[in-house]
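Below is a structure I'd like to ask you about.
When the chains are written out, they are named A, B, C and D in that same order, and each has its own residue count from 1.
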Amino acid sequence: MTVLDVLYFAWVRERVGAPRERVETAAKDVAALIAELRARSDGHEAAFADTAALRVAIDQELAEFDAPLAGAREVAFFPPMTGG
Amino acid sequence: MTVLDVLYFAWVRERVGAPRERVETAAKDVAALIAELRARSDGHEAAFADTAALRVAIDQELAEFDAPLAGAREVAFFPPMTGG
Amino acid sequence: MDVRVQAEPFDPGTEAAAFTAAQGARAGAVVTFTGMVRDAEGRLDRMEIEHYPGMTERAIAAIVAQAAERWHLLDALVIHRHGALRPGAPIMMVATAAAHRAEAFAAAEFLMDYLKSRAPFWKKEVTAAGAAWVAAKADDEDALRRW
Amino acid sequence: MDVRVQAEPFDPGTEAAAFTAAQGARAGAVVTFTGMVRDAEGRLDRMEIEHYPGMTERAIAAIVAQAAERWHLLDALVIHRHGALRPGAPIMMVATAAAHRAEAFAAAEFLMDYLKSRAPFWKKEVTAAGAAWVAAKADDEDALRRW
């Protein structure tokens, strides 16, 4: 088991109801972590209902859903970015 | 016969030795006018020696060498432009 | 190369003047882009911009380094605000300096395309009728493919 | 739409600030280009720019009108100096305002490409070794073909 800081932004944050949480997990990759997070609350379930609408960053670098979590300390979930 | 204001810019002006002159001519088009101008002096001859290096404007609009001069009042000769 | 992510307003003209003056006679071309809070219909109360502190600065620095190398930039500047912004307010600006215009233009467009879709900012529009997150545009994703 | 052909210096930052502020909340994007007298090797005494009074203003106004229509510009500005300019001095600037960035960028690049090859200016470089007219580049002529 490792402990991750999980961060949420924009409407993902609003649905989850918190900007961040500490999560103890044995998930091997992002997809497995999502499966665990969804079960936490109705808000989490709503946030992760459509993963095609989500982006993920591991330790502040954009990543794919099958990216391994080995060594990760911070995982962030958010919608497609709208900067500029 | 009509009277034209003929203007020269950049190295065309320097070779001709004057920025403008009034020219009485019966030339039907730009090419015919050039043939007349070349005979005026060695400077003119040098300025018009390579017409591929020249551009022409009739009444302040870019034109081709076969453009008719009917109705024209001002004809300008210059090298390719280097603005910006 | 200068990257600033800030809540405070900035003045694009002052920034453009300082950036241009700093180039001396090495640069032949400076391009600036300024993005403003648009509100053509006058229905917007404010734009709220959220970002991911830490990742934002890293992502922008990486994009700027890539642009600088690819187009031999003499200098580059990115300023991006977060927080609540009023209609008409400058959101962000990019400036690029290069020997020739083609490089300065290409680098500025590249930076904009990447900032739109790869820097962790999220915009929310707040009107009298409520608040809504701005959706990412397929066009913006497509724009990245040309580079 | 504003076109200025002048011997006097101008400050690109001041112009950019005024141009941006004038757009209110209609425009989402402002692009500026500033061209400076480049002298990377420090050998230039000055650049002398000759133009064709009358035709210059007509040609630029025509180019600006074309850009404004094609890219739905909300505003455009062209300033171009003539006379003797020192290394590092701004020669000219273009500013475009549009709803979205793609239009503002395309219009600014189009204006630059046309000003390079279709506005009657001629540049002469003066160094300690003498003076030479700047030759037009085949690249600049090619750049027009993309529009």
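We adopt the following convention: a residue touches a chain if its C-beta (ideal position, glycine included) is under 8 Å from a C-beta of that chain, and two chains touch if they have at least 3 such contacts.
What you are looking at is a predicted structure, and each value in this text was computed from that prediction instead of being measured.
Without subunit C, the contact network of the other chains breaks into the groups A | B, D. Computed centre separation for the pair subunit B/subunit C is 48 angstrom, with centres defined by C-alpha atoms.
In terms of their C-alpha centroids, the spacing between subunit B and subunit D amounts to 26 Å. Rounded to whole angstrom, the centroid-to-centroid distance between subunit A and subunit B, based on C-alpha atoms, equals 72 Å.
Within subunit C, the positions touching two or more other chains are listed as 35, 101, 112. Contacts with at least two other chains are made by residues 84 of subunit A.
All chain pairs that touch, listed by label, are A-C, B-D, C-D. Within the complex, the subunit D residues that touch subunit C are 11-18, 20-21, 23-40, 42, 44, 87-88, 90, 99, 101-102, 104-105, 108-109, 112, 143.
Across the complex, subunit D is touched by residues 7, 9-11, 13, 57, 60-62, 76, 78-84 of subunit B. By the touch rule above, subunit C contacts subunit A in their complex via residues 35, 50-52, 54-55, 58-59, 80, 91-92, 112, 115-124, 133-136, 141.
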